[in-house]
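Shared between the two complexes below is subunit A, which pairs with subunit B and subunit C, respectively.
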Partner chain A sequence: MSLVLQGTATDWAFSVRALLPVVLLALTGLVVFGINSLRPDGRDNKLLALTSIAGTLSALGVAIWYLLAGTGQPTHGGAISLFSGAIIVDGLGLFFTAIFASVATLVIAASYDYFESDANPASFYSLLLLATTAMGLMAVSNSLVTVFVSLEMASLPSYALVAYLKDNRGSVEAGLKYFLIGAVSSAVLAFGISLVYAATGSLLLPEVAAQIGSVGDLNGVLGVGVVMVAGGVAFKTASVPFHFWAPEAYEGAPAPVSAFLSSASKAAGFAVGFRVFATGFQPALDIGIDWGLLFGLLAVVTMVLGNFAAATQTEVKRMLAYSSIGHAGYALIGLAAITAGASATNATVMGAAMAHLFVYGFMNTGAFLFIAMVERWGVGRTFEDYAGLAERAPMASLAMAVFMFSLAGLPLFGGFLSKYVLFLGAINAGFWWLAAVGAVTSALSLFYYSRVVKALWLESPTTDLDAVGDVPTGLYAAVIVAGVVTVLLLPGFGPVIETAEAAAAALFA
Partner chain B sequence: MVPPEYYLVLSAAIFCIGLFGILTRRNALYFLMSAELMLNAAVINLVAFSFQWGNLTGQTFALFVIALAAAEVAVGIGIVLVLYRNFGDVDVLNAATMRW
Partner chain C sequence: MILEALLAVTFAAALLVFAAPDEYAPKLAFGLSLLPIAGSLYLWSAFESGGNALTGGEIAFNTVVPWLEVAGYQLQWYVGLDGISLPLVILTTFLTSLAIVSAWTPIDERQSQFYGLMLLMEANLIGVFTALDFFLWFVFWEAVLVPMYFLIGIWGGPRRKYAAIKFFVYTNIASLVMFIGFMMLVIGLPVNSFGLPEITQSLAAGELGNFFWLPADTLALVAFAAMFIGFAVKVPVVPVHTWLPDAHVEAPTPVSVMLAGVLLKMGTYALLRFNYTMLPEQAQYFAVPIAIIAVVSVIYGAMLALAQEDLKRIVAYSSVSSMGYVLLGLVAFTEFGLGGATFQMIAHGLISGLMFMAVGVIYNATHTRLVGDMSGLADRMPIAVWILVAGAFAYMGLPLMAGFAGEFFIFVGSFGSTVLPYAPVFTAVAMFGIVIVAGYLLRAMQGTLFGPFNLETDYELDRAPIHDVAPLVALLAAIIVLGVVPSLFFDMIRDATVPLLELLGGGAP
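This part shows the complex of A and B:
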């Protein structure tokens, strides 16, 4: 096998059409750059924000259109393979692209107000759009090369986004810590990929899967490689053992960036994890490399650690950061409850985890954007400082209450159904202990989520809330939209879980 | 021909040296160099096994890894620069206003 280029010309028009959501995001990022270089001194915050939102909304629209039309799904000719199989457009890729585009839309709408007085908002919007582009690529990567390249493409703008407030010590410190751990874990991922290549002689996921049966003596090398790739996934999803950047980065970063990282970036990590392990490393389960058990242990530790640490926090933003680690643990069940050969139950659990990430994308983004609004008002950061905010900002506080109860999994909002289906799927797959730990930690999480609601609605203000009267349009709209979607996902959960399970079933077919 | 095990030992050794540097050094620039060392360990593996397997996939990927490592350092240096401006030092332990 050599790398001689094929004689036939690549059909660029077809590739662009198949990858249209990602291409639209990339083009929007470049258009924002273009606007800024044509008018370097005009700040054009509104124009830039509207351009960016137009781009993310059209990417979202195309992704949903493709999902409804069945592009790349088994009913319509199966997954579309591009660039010699390095990129594959299928239900999973489109589903996750829809998550990234929705989160990016909400975050950009919020950033319009958050960075109102910023000297150069164009760099913020373009970094955000390019990171979203890279996440879209992560979701369609079908080769360890594209996985690594797109993961780095997503990480590099994220480091800059976290450290975006150059004169704010918290932001710089958060960026430094995120970068240091990111650099180490990307090196670990690269080394893991090189070991997988050493054992199997290929980097395309289906070819890796085909070679795993015949690795022979290099079994151990392959095992170490698989574990190291799992480490790379753990970093991107903020799971144990590479989770400790998350509280720092989410606390110090500007709140819209925290929203983006904890929702979209986490989902992107899972998109990569789901595809790499389901498509590439599934046969490794047969030769004794039990990565399912590894993810099971990581899921338990992540759920317990995230939820217990969240319960002890005094600052709301840091509590949400730990809660987002806990939610990474729930989604890890989708990778943990995998047994060799059981395609149907595997697809159910993985689909449930995808649906949970979808719901999580709205409720968690909304919660962080509420914090962005509070930061803008200049109210403090602790639970006590949030006391009595409902009197001044009832709509936003109502939305925050919806996010908190939905994150906890109370049976009135979208977050309940996604957790319920996930735990039920785990039980049906024979992993009752994962579901048990998930249910217990969810019950615990109600304690610290309800503290926020209690402070907002029941306690009387401890600080001066005069600044709260101001209503930032974009931020408010983003929070309300996220709240409405979180509520609507309770009756509208059916199509989401069906799409997710069909996408997951295609991986295990 | 050098047996492939030797390459694995070499790359594992370089990877561990890089990891050791990251765990012990406090200067952010040493930290960057150590991370580079770990990435280069991966590159050695890729090139060695590209030769072993007789395909060019590994060598091509090695070029991508080198390019990405350069991009990573560019962003990293930028962050180290703002670190120096804010904290007056490039000691990674100085930046500890939030608890770990």
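This part shows the complex of A and C:
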């Protein structure tokens, strides 16, 4: 097999090769099903976890390989269009697939210990893998139909994952709330898509873009449609005004699932947002449908609301849930600022938002997985309960301190550079007010993130910590790996931002 | 590569000590801390003075390696030394070793973490004084805060958590203000790297453009003010000094030594490097308000010291007073003003280190720091007490000690300043501060050291152990050597500061 895929062949073997990362994820999900149906009585937790990790790691490997080899990128024949243009494999899709696969790997490693005593872990792994597959599809969807289908494909397993602890009231309630808001926003998204179709007569994003110039009197219909599609993106990324589900779902769900949703699912929402708005709705700006301003306002409200709400929480997991909303606000800056016009500025700011989501994938997943570890130890949920954990678990607490400082944007870890590049990009694009709100809210965020560090390292234990110190291999490894990557992303940020900017630039070419 | 080696050795030493068992950590940390001393002495011996690193002079031991490129700016690993930074590097390595020895008595829990953090802080401080790329510098600058936060927060006194958080929040907000100011400046410049020499030379060539609607002149003033505020918190000057007494009183002795001895110098070093090198005309514009701040810091700091009953608070407030002199020297912008300010940074580092250590030795023996709780200690602890007296005289500016040289240079420089209006008036008022210094130090010593012996606490008073006294002797020796032969450092400092005068077209000697 050649390193580089070229041409426009339409045979199925070519399609599989082009979509190999997604196909690998789907296959692994089916293999997990298969193992379970062959041995319905065996729990096989280790076998299932190792199979799943092998699948996500190979998907990650292939995605990185394609990114390095230039598959679907301008240097090697440009984006690969499949299935009559409904699917497009390019740098953006591969970059986001790499994020999903990395997060899924960490989450699966952690789940091996978290669901140790679960009766049937196979259903968990397969749901997770299928959700990851669907996210991979979201990132390569080039038509509003595939966008909708893959978004639903990702959402349905997610509802089940949130409600996975069937005997836990909080988990089931969270699942229900997530499902209800999800159903509403799906309806909004579907209606929005139909309005766009009514106005432009097409569902393929490039054709939508081409038709926008000639919508004439239907521009009002198109405008409402665009706003509604933006609502669908806001739901998936947990942004205002469809953010209500996020605190409940992240808090009630098992912590590995919270990690998965707040990192990978959010990134998937942005993958869709970037592609739909950059490819499909860019010309709408010329006929007065200023979705950049819409996203700008949503970004401001999301940043402010997420960060202020996080500052008032008493439970660590809920604080992280709100902080996750705040980070959606930062990434929305990337979506708002791609309306500036010049394609170089657009690529810079969108690449910066993508790189931020990449770094966020590690630091936020790590933080939620640390919470998973604490839940396993059973020491409680509030800041007070976390007091003195560093004495018993110094390495994990050190990693948690790294995540917190990185999320806050202290310039010691990857989270600083990604935020910085994003804000600088926003300023260059003329959106200095977004950068200003971002800088102020990140300064505020240091307050509540440092509360966790203070509890872990400075306070003396208030509760019995006998259970602490038990070292679950998979969970521990996932936390440490996420911590090491977060640190290494400061010196090694260069390749990430270059890849992201190149992928973004291809959309504006 | 020698600077990289110095940094790598110090970082490696920190990691080694972290991993070492508690019982070996103190001696191991001291042994390893001799390596950076050897390194800095080698730098001193191999150093050839060649002007100011920023204004186009020769940069010693420099390395430039591209790091990553963001939004059109090249970030680099860029380190080097000149006559301003080399003395500060030597001060850092020297003082860290002595502070480590002074920690042997008071620090009796979690030793390996304590000494590891001390060495980690040393490494980052060396980084601050050697980095010549803004981003690299900023990473080190912030990285100093984190060990300091833990050192105060874990090993401090009863209100340590409050003090640690206050320190952390104050300095981080200050960093943000400074960062924003500097970024606005850079965006207004036609440079494509964050190299401090490039930025300085571009500014000197008058290439500053507009920042959006802000005209260049206003931009320069805004940037100067933002950076001044950011650095002033670090120095600290009145009225943003309130974190300092809290941090000092709660911090254990060795941490106070580092805080007063080196960390405060980061503020004045940055003022000199950024505000007074890059924006000398704006410095002239703001000369009178800043001179007022300087003089108020001198007098008000000294009067606050006069009102304290706690020996450590007395020394802490006296630092505010002494750093006011440094600021006065900078404002004066003359050969002896700038040179004296830099020299005073070193002198004050040694003297305040000595004072904090001596107070610590007394506290180790008496377990009280209140002036009213003790008297007549001279009989029981003669060596420690006489060194404390010598340190106090150095503080008051006794000739042939380093403090005299520093303050004398500053007064000579500021008296004849042409940049600062009413320079003689400011100088005269500041000189009056010395009288107050003499007042509070003599009062404190008379109360505690002389007269009939009395101690309110129930501790047996013994001679201080040899490892408590040895660092005091070493510091006193250094103070006397620098006082007798100030040219050891002053020659290279003058080589690096005189080129700055040309920025304003000369100025009085």
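Here is the rule we go by: the second predicted complex is superposed on the first by the 497 of 509 C-alpha atoms of A that agree within 3 Å, B and C clash if a C-alpha of one lies under 4 Å from a C-alpha of the other, contacts with A are read in each partner's own complex, and residues count from 1 in each chain.
In this text, a contact is a pair of C-beta atoms (placed from the backbone, for glycine too) under 8 Å apart; a residue touches a chain by one contact, two chains touch by 3 or more.
Please read these numbers as outputs of a predicted model, since none were measured by experiment.
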{"item": "Simultaneous placement of subunit C and subunit B on subunit A, clash or fit", "value": "fit"}
{"item": "Contacts of A:Leu458 with subunit B and subunit C, given as first, second, both or neither", "value": "second"}
{"item": "Touched partner set for A:Leu417, first subunit B, second subunit C, both or neither", "value": "second"}
{"item": "Which superposed partner A:Leu490 touches (first subunit B, second subunit C, both, neither)", "value": "second"}
{"item": "Partner chain(s) touched by A:Gln211 [first = subunit B, second = subunit C, both, neither]", "value": "neither"}
{"item": "Which superposed partner A:Thr339 touches (first subunit B, second subunit C, both, neither)", "value": "neither"}
{"item": "Cα-centre angle that subunit B and subunit C span when viewed from subunit A, reported as a multiple of 10 degrees", "value": "140"}
{"item": "Residues of subunit A touched, compared between subunit B and subunit C (which is higher)", "value": "B"}
{"item": "Lowest C-alpha to C-alpha distance for subunit C against subunit B (Å)", "value": "30"}
{"item": "Subunit C-contacting residues of subunit A that also contact subunit B", "value": "none"}
{"item": "Of subunit B, residues touching subunit A in the complex", "value": "4, 8, 11, 15, 18-19, 22, 28, 31-32, 35, 38-39, 41-43, 45-46, 48-49, 52-58, 60-61, 64-65, 68, 71-72, 75-76, 78-80, 82-83, 85-87, 92, 95-98, 100"}
{"item": "Residue ranges of subunit A touching subunit C (in the complex, touch as defined)", "value": "348, 352, 405, 410-412, 417, 420-421, 424-425, 427-428, 432, 439, 443, 446-447, 450, 454, 457-459, 490-491, 493-494, 497-498"}
{"item": "Of all residues in subunit A, those that touch subunit B in their complex", "value": "1-3, 144-145, 148-149, 152, 156, 159-160, 163, 166-167, 169-170, 172-177, 179-180, 183-184, 186-188, 190-191, 193-195, 197-198, 201-203, 221, 244, 247-248, 251-252"}
{"item": "Touching residues on subunit C, where the partner in the complex is subunit A", "value": "67-73, 135, 138-139, 142-143, 146, 150, 153-154, 160-161, 164-165, 168-169, 172-173, 176, 180, 183, 187, 212"}
